[in-house]
């Protein structure tokens, strides 16, 4: 028993966030398959639980994992409220919590035991707000899903964009349960900004993009920009030509040009036929990497505190490029890439054309 | 004792284009044994629905004990003693006859809002329920769910409920329909034996029973009152014969009409 | 302005196509079939998969989606649904929710949980502008299909005896059979037809609403709203309700985007408080 | 009147209200559970709050015949009130609980006005609509509710000044179980009273209920308000034992799940809700441990089989083969 | 006169319960049979069994050359059965007219002819079934059985709740129909005298078995027998 290191991975495996769960789980499993399950003399054991994106479930599962299974690390967290609900348990039980998907800025502040391997929305949107004014975009309408991450994206994009001299002429918020984007898009079309900035959870993005095309917005001279969520690699290929030319900013593209990523993508697609790794998969993969590093550094000894300390400042090459964990905030610092959707070999990709290096989470530099 | 207890004046009820009740004026005296007869669809049931507040009148007023109750909620009319039975049984399917009657008695005694006592705990409730059960020969089925009872028993319960409400005015809508021939008289005798100051309005197509029961009759045709009078007057009225009773001899051969001689 | 009206109508029509099958099973058969969305999902997946994997043209897919979902309904009705017609509504809810759960997991297992995206043929992708009115071709198409459906359904229910035989069977199976109505056949064909309509709705809706395994749950509320507001005793009721909701929703979101989701819900509550049996009930209704 | 028979009537009336031998046993077992299997305390706590919530729904659904697909509105409201109270006023759980119950009951009082008329479907949709609007409000009033992030990291003072909620969930499960027992006893008194009988009368036949003088609307309002208060208590227990409130407490899924629980356990029977909650939660957590991705399939199958075979017969497997023909 | 209905050794009931026990009788074409018996003796059960709405345990029923007992309920209407159930069972969500057209079969009886017979129904054509008065529902149930154009009418207490004048007219009508159109009928009634007058034959049930079967006239002229069998002197 002593020689087992347990990771409790709580993810939404059912419900609307199920794809997130699958990608993260696949990422974690891929890392473990590539690096063996013995680290520093410990046998690493993975316990996967489904919380269906219900925070009460997440919290109870975390409780059970800590109390009954004595896990050494908690990980996963598909949505922000789940992560926040688990935070007190991480603190009380001194168990590190590696957040692999949820992207609201404030999460890492909820407990000194939280470390993030995904990204934050401010990170992604701010980069875009820097790029846009330099590329002929002076006026923007923002359109975001009406919930925490969407509001984060709207806020940080707007602040930075206006700071950079741009003008946000209108900010629209779409209810999460919204079957038809028509009225919102029509409103944007009537306002004729240079570009429409969009954040929706991946999934809804495809529908939006199609309606964007159908409404002839591109022909009316409105460009579509957004965080990488809307051109999620997982689905990009099926979106068809409407997605072409969309400019997004994100921390990972399946198309990222590095030997390490090539290897990662190949291995991932081999292990999960028909699935492209997206930014969620990388979050899981790097999260597992982080945990392995921590076990190694702490020599497999010491409790949660030792593990978190070992994670702080951890720096390594990820399929998305170099990343490191900010020792103060325990949040991830990484490159944010600007990408454009292009067609290569009959498939659609987010092709990176610019990079802003070492972006810290702007949400924390108040 | 001849004062009017329940009356309506100029009562009208329209269902879309159909005028089911057309300017009906009717008086029910204290202690009356009054029968309301008329062809099918004449508006008898509708009139009862109006009097008890199940339907809202298109026009007209209803007075109970000298007070206008036209706008009073149905359940408050019951509290003032205006009680009815239904042509088609309206029972509480999941309760037993005993529970049903205990409930009605509790409600009648103003205990219906008590949530802290048990049903049947209050003095006299169980006793009164038991008494009614026996009176209507429901004793042996007292603890069966109402929905499993035979039709005849359900019919008896329907009437027992009305009596449990301690009516001052009782409106009976074809109470004996479906009750076996032998038991009909008996049932109406129970009703007839109500205290002398209780007024009863009876709707019934069994002329045998009607003539043996009523001391006053009103004939309703096409929503309007055709005539009113003593049983003898009604029986002799040629108009009533044409529209309701019929002339033919052949019916007398076997129809319940023959029994009316002993009125 | 006109564009908003047009979009609203198209959206309403889409809601109608999706919900009309439910109006048939729930309104006419008095069966609370929450699994309606599962049949719609079946139609959607049939279309998407045929198009993606076999390159079947969209127009050919639509009748196949209808037939596929109808067949599914016809296969499931005798063993699963028939025993339930006489059970309490709550049991029907429990049962059909169970079916939804199974459908969601099964689709997830066999096809995966990602959003399926459909590629429309080019002639449906465009847009026609007439003055200030811009009309997406696909939306025009939806309106046309829906109008045709309404006319057809109305004909079947009003002009043929089928409608009254169906309602008679629902009211009293025993007596209906005793008077010569083959109750089982009537129910089976109605149910299959309702499921087929759901399938068609799913096929048409996948483009606008997206398609993933959670589809039946995600849109269940919308189906129910349409049927509840429209009343369950006719086809025109749900149609008008769907149009009303579609237009109100689109216009509301255009003119007062801040109100977002409140509009539809508030409208529904207000209508239902005002007309508890739905906007359009059969004359007289239940007493 | 036969004086000798009246005690019999009273006797059989009171019999239904009397406690059966297995009831105390059941409660003793329930209260022993957190000690017997402390490792399962979190799920015991969660199940107890669900059971309390289900009890509330059963009062309106099973006993008054009001279908509600938006019951989470009350659960959630109670949860948020308790959370806001703890955040801004005082960490005392007892006062917080009372405030949450009172506030939710007031909400229930107003909401009850919307369920007095209409068919089952109408009520279903109106209640659903109210809950959806509440959810939207919780999302929009971010300054108050924290939007999607919810209200997190609450500190709740020890219960009775002694027992601090810990992450092992033991104190939490006793807190919730105690609330469940108290409200269960209250509900038990209510449904066996003349008041409770008038509710059943309204459920069975509204027309007749009116015709025997029952003020139908007043009764429905009363029970709806009471039930809302109990749902509020469940919500408050949820918040206090878990230390947070977020939008899930108002979600449609929660309304739907509690409905499933009550129907699974059997409506119009107080233990139905409790039993349903236990079955549902246990089945769900066992299945989702075995197959985190596809547990929904099996729970769906369970529901389908439950209905097709019948609740009673499911407990008596020997009747399966024979009975299906009848 | 040729035989139309022949019932032999019929046992039937609900679920496991057997209500009818070895019932046999026969009825000729154009004849009317009065089915009598105290309450709960199985009259309705017999009618329902002929209509196919109960569970048959043993015995045969033939209508002309058709083995009726082998047919499912809905095919019996085509074979010539017209049923007026005791509790009327009007289809509540159909209008009066739809109640008739939903079950109508081609033949002499059309909805129009029903309205002729019951003008009251004609005036209420577009009302829903539930919006009718009790008596009107009874008329509709009768009309609904007629438009099936049956060879054998099953009338379960058809006079209950009807005004006396209608009762007499209905009795005359039944007599006329059976005489003129060669239709047979089985009538259940609480008041034996009323129907014995227009019936050819009479069958008395007790505890689910036939205790008396003879001509109607014989029974009608023997008050003692009536009293013994039915407990009513009237």
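By letter and in written order, the chains are A, B, C, D and E; residue numbering begins at 1 in each of them.
As a working rule, contacts are C-beta pairs under 8 Å (C-beta built on N, C-alpha and C of every residue); 3 or more make two chains touch, one makes a residue touch a chain.
Per UniProt, the chains are B, E = ABC transporter ATP-binding protein; C, D = Branched-chain amino acid ABC transporter permease.
All of these numbers come straight from a predicted model, not from anything done at the bench.
Student: Just to be sure I understand: going only through chains that touch, what's the smallest number of steps from chain A to chain B?
Tutor: Minimum step count, chain A to chain B: 2.
Student: Among the chains here, which has the CA centroid at the largest distance from chain B's centroid?
Tutor: Of all the other chains, the one whose centre lies farthest from chain B is A.
Student: Name the chain pair with more contacting C-beta pairs, choosing from B-E and B-D.
Tutor: B-D
Student: Please indicate which chain is farthest from chain E, where distance is taken between mean Cα coordinates of the chains.
Tutor: A
Student: Indicate the whole-number Å distance between the mean C-alpha point of chain A and the mean C-alpha point of chain C.
Tutor: Taking the mean C-alpha position of each chain, the two centres sit 36 Å apart.
Student: Roughly how many whole angstrom separate the Cα centroids of chain D and chain E?
Tutor: 51
Student: With chain centres taken as the means of their Cα atoms, state the distance from chain C to chain E in Å.
Tutor: 43
Student: Distance from the CA centroid of chain B to that of chain C, rounded to the nearest Å?
Tutor: Each chain's C-alpha centroid was found; their separation is 48 Å.
Student: Listing for chain B: what residues touch at least two other chains?
Tutor: Residue numbers touching two or more other chains: 15.
Student: Chain E: which residues touch two or more other chains?
Tutor: In chain E, 127, 131 touch at least two other chains.
Student: Which chain D residues sit where two or more other chains touch them?
Tutor: Those would be 136, 293-296.
Student: Once bound in the complex, which stretches of chain B touch chain E?
Tutor: 15, 18, 37-42, 44-46, 87-88, 150, 152, 174, 177-178, 180-182, 205, 207, 243-246, 248, 250-251, 253-259
Student: Touching chain D in the complex: which residues of chain B?
Tutor: Residues 52-54, 73-76, 78-79, 83-84, 86, 90-95, 98-100, 102-104, 106-108, 111-122, 126-127, 129-131, 133-134, 142-143, 161, 164-165.
Student: Show which residues of chain C lie in contact with chain A when the two form their complex.
Tutor: Chain C reaches chain A through residues 3-4, 7, 10-11, 14, 52, 104-105, 108, 112-117, 119, 125, 127, 134, 136, 138, 207-210, 212-214, 218-219, 221-222, 249-254, 257-258, 260-261.
Student: Under the touch definition given earlier, write down the residues of chain E that touch chain C in their complex.
Tutor: Residues 48, 51-53, 72-78, 81-83, 85, 89, 91-94, 98-99, 101-103, 105, 126-131, 144-145, 148 of chain E touch chain C in their complex.
Student: Touching chain B in the complex: which residues of chain E?
Tutor: 38-40, 120, 124, 127, 131-136, 138-139, 160-169, 171-172, 190-197, 231-232, 234
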